[in-house]
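One chain, chain A, links the two complexes that follow: it is found with chain B in the first and with chain C in the second.
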Partner chain A sequence: MRILVFILAMMFLPSLAAAQETGGVPSPSITKGKGEQCVADTDYMRRYHMKELSHQRDETMHEGVRTKQFSLKECIACHATTDDSGQPVPINAPGEFCASCHEYTAVKVDCFQCHATKPEQKKQAQASALFPMTALAEPEVSQ
Partner chain B sequence: MTALFTILFYAATAILAVGLAFKVVQYARTPAPLKIPTTPAPVTTGGVVLRMAREVILFESLFKSNKWIWLFGYMFHGALLLAMMRHLRYFTHPVWEWVALVQPFGMYAGFAMLAGLGALWFRRIFVQRIRYISGPSDHLMLILLLGITGSGLAMTYVARTDIVALKQFMLGLIRFDWQPMPSDPILMAHLGMVIALMIIFPFSKLLHAPGLFFSPTRNQVDNAREKRHLAPWAAKLEAGGE
Partner chain C sequence: MNGSGFDFNRRRFLGAAAAAAGVTLAPGVTLYGVGQAQARGLDEPASGEVRWGMLIDINQCTTDCTECVSACATENGLTGHGRPATDAQWIRKVSVRDPKNGVEKSLPVMCQHCAEPPCVDVCPTGASFRRADGIVLVDKHICIGCRYCMMACPYKARSFVHEDLTDQKPHAPRGKGTVESCTFCVHRVDAGGKPACVEACGATGHGAMTFGDLNDPDSEISRRVAQYATGQIRADLGVDPGVRYQNL
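After this line comes the complex of A and B, so read on.
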C-alpha cells in the first residue's frame, strides 16, 4: 500500500509543481489564422479537423478528387506565422499552430514528414532566390 | 453545467479518497486470528511479495480457478490500465513522453474493454450457475462500466468533443482555477458516469482492488512451524489481560 501511495505521489508531484510555476491554466498558444474565419465553423474545426483531413486525403489519393476546403496546403497558407525577419515558421515547429495544440493533447502527427510545413509561394520564391537547390533538396511534396 | 460538474467532481474525489482510506484502515485493523495461507504457500516474506505480485500482475488465483473468467477479466483490466494511462494526458501538463507513446494503444484498449465487459456480462446472464448468484449490483456495475467505455469510444469515433477545452477544464479543477466544460452531451454522460463510479467505488465490490492486499490466504507466510502465529489481541488474552 505504501509503495502504491509513493508511486501515485511520484506521478502527480511533477504536475503539481508545474502548477505553481505557471499560475493559471496552461493552454496551447493558438494564433488566429488569416482572414475572418476558418474553412468551417471554429467549434467544428476544433473537434473534427482530423476527420476532415483524412477524408480529404482519401478522396484525393484514392479518387483523384481535389477540393480546396479541407486541403492541407490551405490550412498552412492561413495558419502559418512569420518570424521577426518575415520568414515563415514551420507549422509543426514547437508552439506553432498545429504543434502547440498537439503537444498539449499528446497527439503525434506524421503528416509533415512529407507535407510542406510552410506556405508555398513564399518559400519557393525566397529559397530559389538565395539557394536555388534547396527547393529541390527538401523531400517535401508541396501539397 | 460547468458549476454542477465542478462541484460533483470535488465531492466524488473526496468521497473516493476518504472512503478508500477508511476502508483500507478498516481492512488493516481486521484481526487475522488464524494462520490460513492457501498452500502451497511461500515460506518467506520475499516469497509472499512475489506471490502478491503474481496475483496483481497475472491474476494467478483466477487463472487457476477459471480460464474463461481469467481471459475476459484480464482483458478488461489490462485495457482499463491502458485507457487510464491514456487519460493522463488530460491531467498533466506538459504531458509525459510515455503517456504520449501509449496514446495509440489506449485507443484500441477501448474495444478490448468493451469485449471483456461484454463477455463477463454475457456470462452473468446466460450461465445458469452464475446467474443464480448475480445480484442487481453485479449487473449494474457492469452496465456502468460498459456505459463509460461506450461513451468514451463514441467520443473517439462518432461525436467528438473539444479536447483542448476539456483539458483546460480538468487542469482548472486540479489547480482551483475553474474553466468552462465543453457541453457535448456524450461528454457529460461520460463524466457523469465516471463520477458515479468514483462515488460507488468505496461501497462496492470494486474494493477488491485494495482488498486483495489484505487477504490472509494470500498475504501470510507459511511459517507456523517456525514461528507461532499469535494475533495481538490473542496475545493479550493469553497474558491474562482484559
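After this line comes the complex of A and C, so read on.
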C-alpha cells in the first residue's frame, strides 16, 4: 500500500510542479503581457484568438490591411519576455506565453515555422542611422 | 528595460498618429510620405488604382556594386548555407556582355511583378497571387511547395526554402517548404516607404533604382518612363513586368 501511494505521488508531482494549483485543477501558468489589458476581453481572446489571427492574416497578406489589433507581430511584441541578460525569449519556448497554454491543451501551433518568435530588436537604431525617413515609417508596419 | 518601455510607447504613439492622419487627410496628402510613395491608412486595402513599379537605369549601376543585394538580405533576413544553387535569392546581379564589342553591363534582376504573372497562372492552390496594387506575392499559408511557379517564372526570380529557419524578421516570415521571392518590401511600401534595395542604391550615390506608382503620371518613375526610352526584360512574352530598365 505504501509503495502504491509513493508511485502515485511520483506520478503527480511533476504535473503539480509545472502547473499552478487552482481549486484542485492544474492550470497553465501564463506570463502577463505588457500594459493594462489585452486588445480584447480575456475570455474572448482565449476562445477566438486563432480565428482573429487567421482572419487578420488573410487581410494583411492579400489586401495589405495592417491594422494592429489582431496582428501576430503585435501579440508577440506585447507578450514576449526577456531573460536575465535582457535578450527576448522566443514566445514558443517552454513556459512562455504561447507555449504554456498550447502545451497544456496539447494543441500544436504552426505559426512559428515561418513567423518570428521574438519582437524586433535594435532595428530602429540601425534604420534611423541609415534611413531616417524609414525609421519614422517603420513602427506603423504590422504583420 | 526602461528604454524598451519608452520605445514601445513611442511606437504606439506614432502608429496612432499615422492612423489618424490616414483617416483625416485627403488622399495623396501624407504625413510621412517618402519621395513619391503614398501612405495608406492601416485599415485601407491596397488600391487597384496604384501600380507599383521600378525603373533601373543600367548606366548608373556598376559591376562591382552589390549594395542592393546585401540590403535585401539584411532587410528580409535572408541567410544562406554557403550553397549558392539552393540558397534563397530575391535579387541578384546579372552581367550581360555584348560579344561584338565586349561591352559589359551589370544589372539587378528580381521578381518583375508582372501584370500577367505566369507564376500566378500555374499555382495550383492560389498561394501565388497578384495584389491589387501590382505586387506579386506568395501566401505561404497556402503554398504547398510544389515549385511550379519557379519553373513558370521566365526571370528565375523565385527561391524555395529547403531547410528549417529560425530568427526570421518579424515583417518577413519565411519557412521551410514554401516558395518565396522579392516582395518589393511590401511591409515598407504599405507604410509609405521604398524597397530596401532602392534605398541602398540611393545611399551609395548611384541612384540607379527608382520606385513608385506607374499609374500616377506625376510620380518620378512615370515622368522618367515618359521621358526616356525604357524597356522590360523579355517584353515579347507579354507578361508586362512592373520592373523597367533604362539603357539596356
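FYI, the second predicted complex is superposed on the first by the 97 of 143 C-alpha atoms of A that agree within 3 Å, B and C clash if a C-alpha of one lies under 4 Å from a C-alpha of the other, contacts with A are read in each partner's own complex, and residues count from 1 in each chain.
The rule is simple: a contact is a pair of C-beta atoms (placed from the backbone, for glycine too) under 8 Å apart; a residue touches a chain by one contact, two chains touch by 3 or more.
These numbers come from a predicted model, not from an experiment.
Shared-chain residue A:Cys101: touches chain B; no touch with chain C. Put simply, more of the residues of chain A are touched by C, taking chain B and chain C as the two choices.
In the superposition on chain A, contact of A:Val109 is made with neither chain B nor chain C.
In the superposed pair of complexes, A:Asp43 makes contact with chain B only, with no contact to chain C.
Legend: residue contacts after superposition of the two complexes on their common chain; A:Ser27 is shown touching chain B, with no touch to chain C. When the two complexes are overlaid on their common chain A, residue A:Glu63 makes contact with chain C while staying clear of chain B.
When the two complexes are overlaid on their common chain A, residue A:Lys73 makes contact with chain C while staying clear of chain B. Across the interface of their complex, chain C is touched by residues 34, 57-59, 61-68, 73, 76-77, 82, 86, 113-120, 124, 130-131, 133-134, 136-143 of chain A. Within the complex, the chain B residues that touch chain A are 24, 89, 91-96, 99-100, 103, 160-165, 167-168, 171-172, 174-175, 177, 179, 210, 213. Chain C makes touch with chain A in their complex at residues 1, 4-5, 7-8, 10-11, 14-15, 18-19, 32, 34, 39-40, 42-46, 129, 131-133, 137, 139-141, 164-171, 173-176, 178, 186-188, 190-194, 199, 203. Residues 1, 14-16, 18-19, 24-28, 43, 46-48, 51, 101, 103-108 of chain A touch chain B in their complex.
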